[in-house]
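First chain A sits with chain B, and in the next complex the same chain sits with chain C.
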Partner chain A sequence: MKKPASEKSRSFRRQHKLAPYLFISPFLITFLVFGFYPILQSLRLSLYATNGPKSHVFVGLSNYQFLFGDADFRTAVWNTLVYAFWSVFLQLPLALGLAMLLSQKWIKARGLLRMAFFSPNLMGQAFVAVLFGILYVPQYGLVNRALHPLLPRLVPLDTKWLQNPNLVMPAIVLASLWMYVGFNMIYFLAALQSVDQELYEAARVDGANAWHQFRAVTVPGIKPVAVFVLVTATIGSFQLYELPYLMLNNSAGPKNAGLTIVMYLYQHGFVTGDLGLASAIGWSLALGVLVLSLFQLRMTGVYKGEAS
Partner chain B sequence: MRFFPYGKAALSFLILSLLSGSWIGWNAKMAASRRTPPGTQKLTFWVFAKAHYEAYRKALPAFEAAHPGVQVDMQLVSNDGLAARLQNSFLADLDVPDMVEIEISSSGTFFRGPLKDVGFADLTDRIHQTGLWDKMVHARFAPYTSRGRIFGLPHDVHPVQLAYRRDLVEAAGVDVSKIQTWDDFIRVGHQLTKLNERYMIDLSDSSTDNVETCLFQRGGGYFDPQGKCIFDNDVAVQTLCWYVPLVAGPHRIGNSLGGGQVLTKAVEDGYVLFLVAPDWRSKSFEKDIPRVAGKMALMPLPAVTPGGARTSTWGGTMLGITKRCKNQDLAWQMAMHLYLDKPQLAERFRQTNILPAMQEAWDQPAFHEPNPYYSNQPLGDTYARLAPSVPFQYSSPFIQTAKAKLGAALVSCVQEYNAHPDRDLTPFVRATLKENADDVRKLIARNPY
Partner chain C sequence: MNPKTGSTIGRVATQVLLIALAAIVLTPLVWLIAATTKGSNDQFHYTFFAPTVSVQNYVDLFQKTDVFQHNLLNSLFLASTTVIVQLFFSSLAGFALAKYEFKGKKLLTVLMLATLMIPGQLTMAPLFELLHRLGLVDSYLGLIIPGAVSVFGIFLFRQSIQAIPDELLQAARIDGCSEFQIYRDIVMPVSRPMIGAFCLISFMGTWNSFLWPQIILHNRDLFTLPIALSQMIGLYNQEYGMLMAGTLISVLPVVILFLLLQKEFVAGLTAGAVKG
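Showing the complex of A and B:
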């Protein structure tokens, strides 16, 4: 027996209403169970002193209090900020410069060079850490062997890049430059290709030199991508962990010179089992990154629609 | 699409997910049944040291033959991975192996929290009832003891000697038998060291490995038996004031380039002449630096004062049985098989140079055999003679932090000494050690358990 037309239409409407929820339900359920609930749980945990999930004692805000009074946390924050600073102010200009160079038509084998500069990113941080660990070896390492003949007084053969607290951060920044400059270059290359070439022609007709063209045409043209790269590079810098940890032989290095916030979190959460303090560190990190990202977006004019 | 109104794509995804889910589930079930044949008891055993793993592989068939129906699943896991995974599995009540070997510097972290939360079975009563307490070197139980309860069997003693390039040292006219104290050693060191070309000894100016060996030799340590942090006491201050000028300043005689291939090259080139050599490391030298075979020799560690202890300790391993192990008696029998069987211990010594903690085993012929790598010295004898003097070292759940803090203090003192080699280092050392030890105490004070 066939259903009447009105009943069929009602059933179709009901299905039509339910369908979107059904489609998003796999994500929603997964997110609620594995994302939202752990986030809430970690906020609760940050108010407890714990010995793993089994034993916990309510301590209120004392985890946060301890954190902000702890010299190691301050060192971790400082190291992370220094790394983030160099990531932004060294890595991004280099990536942009490389992208501009490799977008020049007169350069031969541009495809090959782009691939060559991007390829370090195809390796994991673990490989890069091991590789640079070998390059930085005192007395016999390639870095000292290359630099010593050029700067004999400044770089003795037994310069200990990873054992001297003053050299640890430059060593990490150098390794990360090698890894990420090519990666960010790809974003800038894509952005540069989308800049209208007629604007350059018009600028040249108006007598603009290369610097003027860069300031007046290139920068506004790539601004949305640049803001994206800036924010993601900053967030990525705050998540720094594997590279220094492995380069420094599974430690924070001499005098905690390579200690980052995530490494500090790992030490407390997974080495000493204090999940409460680790949660407090995680929340502090998340809030810090949020504030910094909002600040960056504001400074780059995204909120005023300038970047679009 | 009469029966499924959301389209072919959604239906395909649904079918795919059902198929893949079923396949994963079926595969896991099959794998589990393959792993444990019916009627078989399985003991899972995690090991972090490759040398131990290889030695146990030879020892386990005899245990399995003596226990029909028992299968041992031994797995080699990296030390850092093992410590972190096991710790978190204990804390989260997840599956853990039946038996585990733990490296001494991680062992203390497993004893955090209330005793009921410690994931290892309390072995104290078994150790005393079976007379093991009297058979093994007492000092080696200390790092695996928490609040009076013993949670691990010591695998080794790890006495420390100095290994040296005999050919180069003799060529320089040095008679090592006349080096009795560190003062003698430093005097010779000043003659043989040429900055940036050759150093008397491989000593680190940033890692705690060597300084803690010196600290233990002087009777110091990170913690006392009650778990109180003591690495800023007078012994530690004296040790650091003595150690820093060995690795820093214009008159240093020690330098370390690192481990692995760099160390191999440094020894081959004669860049360093003496190396701190616990028993386990003496085998590493044999394997990693074969070119100097027959040119190396061993000597006891110089004493701090005339007539003082000529050894210290570096490293260690405990064997623990987890509380979740279903057949702890069987696990104990396996532990006895691996740690107390004299012929096997002798064979293992040949493979690893590691002196077992059970003293009765040291009379086996293997321990008296000449070792060609070390100029035919009877390697086992040289270590066994020193073993009774191995110092106690006590652990704590905060051992990792304490090590990092001592390392930080060392680096600060090295920087200070490099900047002001003529200044009295003592006040700076005292203040730096106190500051770092206070950080550890602050962390301990937070612990509500």
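Showing the complex of A and C:
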């Protein structure tokens, strides 16, 4: 091991220079082979009609053409959009509201309450789906047994949440709310804690009421996190799959009421075996997500310009 | 919203409201536990716990399916292997990004951010084709290798490693440590909290993943818990107690890990969002 000092320092400098390349190489290699190459490949593949990994026929843009004309795809897009809408406009405000209540210093047992709200998120979507598939059972299911006494007219005891096409989406949204509201609350809580408390003091001295304080102090203070949560929640809701698929007993539900874009992709790509069409669906999904994310970033950026 | 405006009545009402909401959130979990303890005759008679506790559901789970114990071991094996592989490679790359200057560093960061924005479903079809050609379909390697490095993990480690003073690393260099020794003996021990957070996040990700394993794994002997449960709801869709027993067992390992790593987990989850 002992080497002359000069040689030792030279080899040291060399390995110092080489080290970062070596350290990032596993990422770079797996990214290039299993990330970047498939992205290019999916663009090419989306122009082919395929049957399993072996047979490929060039068909130009007809996969995309098919998607535009396909009623099932339209249903899948619509359902996904509806779900994303409720994820953003119902779940996130509730998560923020919970976080604001929980961030009050005088609340007792804050840690326990926080954990209670977060706990459903420890179950994966697949397991939540199996649980709710049973909770929604007519007559005996917990959901009907709990809601029927409260709203006897609106929710009869034999309400068929997962058999009635009109109720499938509300059932999915409710299960998702249960699972994710506490998860997003954690982010808002962390953001609220980072807001300078003296700003509230100052606002109060200036005579600002609760709403004004919220607008002038809370909103700008939590904005970076709120935008992060908004964008990731939207991206996440576009990838909805396990929750409806397993809740609806490995199906898209009655009249495809629980069909999502990813479920549609799975069916065409890996049940029927058309990897070309699956790639076209993948691109449609990716572009949709990209456009929406950029739109959200833009909107929230514009909003910032107004406020300051 | 601030600590002083709430009147006493308002405070009590808020406290009660929060407790009530927490109770509502916990109710399905209590019901889940209760359902696993009820014999088939009691399942519908009692909404929650029945006076007599039965272990029949758990017995059925392992005897009727005959494979549930394999599914459990499969999931444990796959999740732990993935965690170890991801932990090593992601922290190594995070270290490089945090503490070295090298060509292409900016480009690399942009690439990583881009991959976080691209939904994984985009590449599922070509990735399946590629893995098919490599002979990795229907094997755990087809799940482990493409996901060997977590970009999220790289960011997580980059951020926590940036906080380590350069002098500490420089001193180790003067003492004759190689760069890898620095990683192993200084960077990793100091990054303990982040390692805890990442292990849990990575474990949960693998443990709960369904779609990609469903695509890659065809052999029943390789099925993980989510896939096993999806098969069970088709076969035993009336046996609620048994299904719930399977669900509860599937969730327990994550709960245990969470209880052990709770503090680190919340810190890791929000680290990127709040500071970045």
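The rule we apply is simple: the second predicted complex is superposed on the first by the 278 of 308 C-alpha atoms of A that agree within 3 Å, B and C clash if a C-alpha of one lies under 4 Å from a C-alpha of the other, contacts with A are read in each partner's own complex, and residues count from 1 in each chain.
Keep in mind that, in the parts below, a contact is a pair of C-beta atoms (placed from the backbone, for glycine too) under 8 Å apart; a residue touches a chain by one contact, two chains touch by 3 or more.
Computed from a predicted structure; not experimentally measured.
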item	value
Superposed partners chain B and chain C on chain A - clash or fit	clash
Chain B versus chain C as contact partner of A:Ala252, first or second or both or neither	first
First, second, both or neither for A:Gly182, with chain B first and chain C second	second
First, second, both or neither for A:Pro165, with chain B first and chain C second	first
Contacts of A:Thr272 with chain B and chain C, given as first, second, both or neither	first
Touching partner for A:Phe27 - first (chain B), second (chain C), both, neither	second
Chain B versus chain C as contact partner of A:Tyr140, first or second or both or neither	both
Partner chain in contact with A:Leu101 - chain B first, chain C second, else both or neither	second
Chain A residues touched - chain C or chain B, whichever exceeds	C
Partner chain in contact with A:Pro220 - chain B first, chain C second, else both or neither	neither
Overlap of chain C and chain B interfaces on chain A (superposed complexes)	15, 19, 23, 53, 137, 140, 250, 270
Chain C-facing residues of chain A, complex	8, 12, 15-17, 19-21, 23-24, 26-28, 30-31, 33-35, 37-39, 41-42, 45, 53, 98, 100-108, 112-113, 115-117, 119-120, 122-127, 130-135, 137, 140, 142, 145-146, 178, 181-182, 186-187, 190-191, 194, 200, 204, 210, 213-214, 218, 224-225, 228-229, 235, 238-239, 241-242, 245-246, 249-250, 262, 265-266, 269-270, 275-276, 278-279, 281-283, 285-286, 289-290, 293
Partner chain B, residues of chain A touching it in the complex	15, 19, 22-23, 49, 51-55, 57, 59, 62, 66, 70-72, 137-140, 156-158, 160, 163-165, 250-252, 254-256, 267, 270-273, 277
For the chain B and chain A complex, residues of the former touching the latter	5-6, 10, 80, 83-84, 87-88, 90-93, 109, 112-114, 117, 196, 204-207, 255, 257-258, 262, 265-266, 271, 397-398, 400-401, 404, 407-408, 411-412, 415, 439, 442, 446-449
Chain A contact footprint on chain C (complex, rising order)	1-6, 11, 14-15, 17-19, 21-23, 25-29, 31-32, 35, 43-44, 47, 89-90, 92-93, 95-97, 100-102, 105, 108, 111, 115, 117-130, 132-133, 145-146, 148-149, 151, 154, 173, 176, 178-180, 183, 204, 207-211, 214-215, 226, 229-230, 233-234, 237, 240, 243-244, 246-247, 250-251, 254-255, 258, 262, 266, 269-270, 273-274
